[in-house]
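Below you'll find the structures, each written out as structure tokens.
Next, two complexes with subunit A in common: one pairs it with subunit B, the other with subunit C.
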Partner chain A sequence: MTFDYHEPRTLAEALALLDRYGEDAHLMAGGTATVLLMRQGLLRPGHVIALRAIDELGGIAHTPDGGLRIGAMATHRAVERSADAFAYSPALTDAFGSVATVRIRNQATVGGNLAHADPAQDPPPMLSALNATVSVRSSRGGRSLPIEELAVDHFTTSLAHGEIITEVILPPIEPGTRETYLKFLPRTADDYATVSVAATLRFAPGGTIAETRIVLGAVGPTPIRARRVEDALRGQPVSRARDAVDLVRDEIDPIDDLRGSAAYKREMARIWTGRALAQVTR
Partner chain B sequence: MPGPAGYDRAVTGVVERSASILDQPEYRVEGSAKVTGAARYAADVAMPGMLHAAYVTSPYPHARIGSVDVSAARKLPGVRAVLTGADTKPGRLGRRLQDWPILCWDRVLFIGDRVAAIAADTARVAEEAARLVEVEYEELPSILDTDAALAAGVPVLHPDAATYVFLGGTRAERPHPNVQGHAVHVHGDVEAGFRASHKVYEHSFSVPRTHQAYIEPRATLVWLDGETVRVVTTNKAPFALRQHMSVALGIPEERIVVDAGYIGGDFGGKGLSIDEFVLYYLARATGRPVRALTRYADDLQATNTRHAATITLRTGVDAEGRILAHTSRVVFDGGAYAAGKPVMTLMPGDAMLTLAGYRVPAARVEATTVYTNQVPAGHARAPGQPQNAFAAESHIDLIARDLGIDPLEFRERNIVRHGDVDVTGQPWHGTDGPAMLARLRTASSYGPSLARPRQVNWWGWGVALGVRHVGRGRAAMVLRKLASGRVELRTGVSDQGGGAHTLFQRIIAAELGIPPGRVAVSRGTTDAVLSDPGVGGSRVTPVQGSAALDAARMLKAKLAELGRTIDDAGEMEVTGEAAQETHEASMYAYVLRLTVDRETGSLKINDATLVADVGTVINPVALRGQLEGGFIFGLGQAVMEELRVEDGRVVTANLGDYKLPTIADAPPLRIELITDHPGPGPFGAKSVGELANPAVGAAVANAVQDACGARVMSLPVTAEKIWAELRKGSA
Partner chain C sequence: MSTHRVAFTLNGDRRELEIAADRLLIDVIRDDCGATGTKLGCGVGVCGACSVLVDGELLSACLLPAVFADGRRITTVEGLANDELTPLQDAFIREGGFQCGICTPGQLIAATALLAEQPRPDAEAIRSWMMGNLCRCTGYYGIVRAIQRAAGPA
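So, the complex of A and B:
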């Protein structure tokens, strides 16, 4: 396969190239997904626009309000090892550290992961449970959207052609919030999850659950937020968690594949949601 | 303990004289070349003017080929040749039975079967041309499992079998035209044994296809050099390949030169080659060198996998749990062609070795390999054994538990002792089984199973044992004494990663009493060295290693005759030969401890102990690597590996879906070596390459039952299968 390779130095240059080559152009961040898709012949771009030389897309740092900004070109490994990310939420660094192997994590980027929209990936459920927003730029301007609105189907996002993810913004975490990321790997340590669960939870002063967000990976076409479970838990004591967890089975849409049958995944979603809640209510 | 007659002389004295070298950890002779990237693998070889091959393959498991239109492909700029089955007909390839068409001309028998081949200036153009070839197929009913293949009135997949070449003998009679190979063994009075039994048990097991999962995909380069056909290949048995090509292509062996250098992993899979034959036709058609580099997906979908199998075992025991009689029926799915199997029976090498390692006074063992419209099956590390060992060692455990006898104790009562008849009907003279199990019991701290509280995570013991023959065959190599006080061994063995060249170096150094650094080992092409049987069948240490030792002894004798030392003698040359024809077997056994999560069925292996009878150790680092690697290889097949096929199509077509264990999956493994029972190899060595992998699946399944009561009767032992069994139990 042949293609023209572009390596712009600024975001403006990258956006101009995207506009110039239109549908014939494909962005490449770390390349861990793009190169595989190209080798399999599933992607045949005439122009590959690499984002690696654009400094403004990097960086991981606290925001002034106590949140966290992750540049789109930050690698998984950089997030995993970032002191700021760990101080923000150890569950976040856990989720990034759960991806594949260290070789992959050294190459794969946060923005590339989100744009790839693989529903079995580890970071998106955790970012969603932490209520992240994604900043996007095009030559016409910028916008930001809740991360839940980014992935719309298997390997499909709501991004328009000409848009580039520039950063992920995580809001400050309310005091008293607990977070966890659990990944069920029954075959080998190096695999996609059979099911994964990211959860955040905060108690009200009276001991009831004030707020919780629960997001599952690998059990539907996108990460799935278990809203019915969340609704059943809000304002309730922890003792209600067991019943609420059962609701997750009807919120997900798993498929039979090499990592388990749909029936097994449905049951595992219940088990692992329960385990995640046990961790954040302990 | 005395070894078999004839070996004592080889063992005594020599080991003591050479102990200092053999006890040192070895440096691999090829290590620096591999680490620095200087090692040249087949895919690294390029020739001026070289063309690149691509294939047109069948999308159907079984179809009649109508028309093949290559006109558009021929017109594509850069395409130099397009061949179809009409150009290679009736050429077929194979290691024993040549039943695999070089290119298909009338029917295709599996998804991936080749219909046309292209040589072009670049691989991209060749692939583009392959897409332009239009093939009309008439789909035929496909046979996707062995039961269907053996039914009455089914299509015969190889109606012209009588015309196929069978190398080195006559093909045995077959009970059904869709059978590849079939054999029955009987000894003792089986019916009387069952009548005398206190209890009779029957269990059925199934094992899926798996892949050898070497890291280097196959690569082949062929060109014509005048009258000579030159071949660069990843095949691990270059002389055998030369013979197969000679027969299939009608070219005298001496006009074929095979160059098999470094091989990037084998695990039994690199004995079959399929590209060399068609590349010869492409090279002849174009007058240019032609190379085929397969992608990993091609290796997973269209070479020789490990056979899937269904195995039914029936065993009668007396009231004390002693085995009195045994029958087994083993049916292997051989896929579309038997070409990958080198043995006379056209079955995996140890197809008949059910219930290995036990005293079996009477047995009837029947094994069959069957043609289906699936990816062809061939040899993989310890062929036939992982299937049989999973079944047998699960069966033994089930019997022990039903009788209320501890599974290790049951094995202690039944393990074969010297002079006992085992399942092969032969008196046992290998490893001292009771001593091995005693060692295992102590080293693993095996204890009685505890009462089982129904908590989420609970652990269990799993025991399994196995038997593997020491390799047999003949080999020869030349040892040259150089003027500088150095020697050079010239061998036809291609090192596929097992450490063969280092082994030869150390054997010669030990025998001559010189530092290993003064022994060079050079590997030659088939026109430059003596004929060699290749790597496989646990052969290299006992057979080729013995030839290297013989060469060193010949040189020593010659020096003594001349009254010279290695330092003051001139150049000379000797030929070492070895014929290792004795049947010798070694045993291994493991105990592992694992924990099962009762809610999810997932398991974690906490630790494992392996006891292996290895004889004299020559390469201590490589030996440990073979045992550890073998165990982890077995672990992969135990808990995760399955070449999943749906409607004849391999759906695990990459290593992201076909999962292999990583080091993070490997449990702590304690290894205990038995070295005091010498084998027929150099200095009393045995074979270890296929000693540790076969029975891990059974050990895992046995430990799972011990931990949580769930019994999984098929490999791999997955979390979902355990979960499903636990649900059945609680329903």
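So, the complex of A and C:
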């Protein structure tokens, strides 16, 4: 690790540094991932730009319309313990609280998590099931994108160089919606998931399923939205859930690794998607 | 490589150091400050041996850039006892909360953070919080008992 360290106090300063050093610069949020990648030699930036001193990137609060804004530099632990986040969705605070250990959650940030784009992380599937958008700034202006468009491959995002994630915006949740986050951990409690499932679901007045979003983690190069399962459920009674769940096997793309074979993960994805649906249709 | 002037307190003592950008807190605490109570275990933030308190928050010193310590208050195992052991340290001795001792500084720091946040945790809350501090000797029973003893009844 040989680099110059910069600690800008404003977003404008950080963006100027990113432009000045170009591809030789790397952002550091909490540092849990960046420090490890640099120590392993997988990342060798000439300039590290730390975002920790930029106040405008912090904070977690309700938005006026009943949604939630999470600043990019909010730690996982801050989300886990936020009264506003819990009031918005206990499944959201559950998902953040299920990450690794309290030490990691005290250091790792929401924006850093999203930029790292490890497909086995807990927050992205839950944020995706809650229909989050991600706000991004560069020296040329700002944009926001649906969280589903952020991760494009293992550890790869659609962000251009010079862009910084500033916040995550969660829209208001329709009344009557239920949410859950389930994480299958056959090894140790602080591990990454073998399969994780985030689900939201709302019934129509007649008892059929009006809307559902189901997003799986750790079973593909990015979080994967189970669109075929969702389509098979919309407008249907809950009795259709058992058949619909089988469709998840063909929507995911798991790999063999130390957390299980691809075939095993495919089967576990079916089982845990069924369990998630059982939770949100109870 | 840039160097940076950082000032922090380590167990109440003010430290001011000029450090390179790539230094990690674990190395600065041990090598520059001579406080070797904090141990380097896995080096990847998993085992908990390097647990320290930064402004009272539990963190892995092996993952924390030392420049992040600027202006902050660091507590390591050396900072727990004054003239007497803390109730938690005493309980670790009485309940057999350690054997070889390598993980013990991290266990004590993690448990101190737990009791600061939840003064009366039940056994499940203790296991959940301490899950990130690995021990190869005790089977964890002594550690959980020690924390329960220090906390008093849940």
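The rule we apply is simple: the second predicted complex is superposed on the first by the 282 of 282 C-alpha atoms of A that agree within 3 Å, B and C clash if a C-alpha of one lies under 4 Å from a C-alpha of the other, contacts with A are read in each partner's own complex, and residues count from 1 in each chain.
The rule is short, and it goes like this: contacts are C-beta pairs under 8 Å (C-beta built on N, C-alpha and C of every residue); 3 or more make two chains touch, one makes a residue touch a chain.
If you're wondering where the values come from, they're calculated on a predicted model, not measured in any experiment.
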Which superposed partner A:G22 touches (first subunit B, second subunit C, both, neither): neither
Comparing the two partners subunit B and subunit C, which touches a greater set of residues in subunit A: C
Partner chain(s) touched by A:T32 [first = subunit B, second = subunit C, both, neither]: second
Which of subunit B and subunit C A:Y5 touches, first, second, both or neither: second
Which superposed partner A:I271 touches (first subunit B, second subunit C, both, neither): first
Which of subunit B and subunit C A:A50 touches, first, second, both or neither: second
Contacts of A:P186 with subunit B and subunit C, given as first, second, both or neither: first
Touching partner for A:L258 - first (subunit B), second (subunit C), both, neither: first
Footprint overlap on subunit A, comparing subunit B with subunit C: 1, 101, 188-190
Subunit B residues within the subunit A interface of the complex: 124, 599-602, 639-640, 644, 651-652, 657, 659-662, 664-665, 718-720, 723-724
Sites on subunit A touched by subunit B in the complex: 1, 101, 184, 186-191, 194, 258, 260-261, 264, 267-268, 271-272
Touching residues (chain side subunit C, partner subunit A) in the complex: 1-2, 4, 21-22, 24, 43-46, 48, 51, 57-60, 63-65, 67-68, 110, 113, 128-129, 131-132
Residues of subunit A defined as touching subunit C within the complex: 1-5, 7, 28, 31-32, 35-36, 38-39, 48, 50, 52, 100-104, 106-107, 188-190
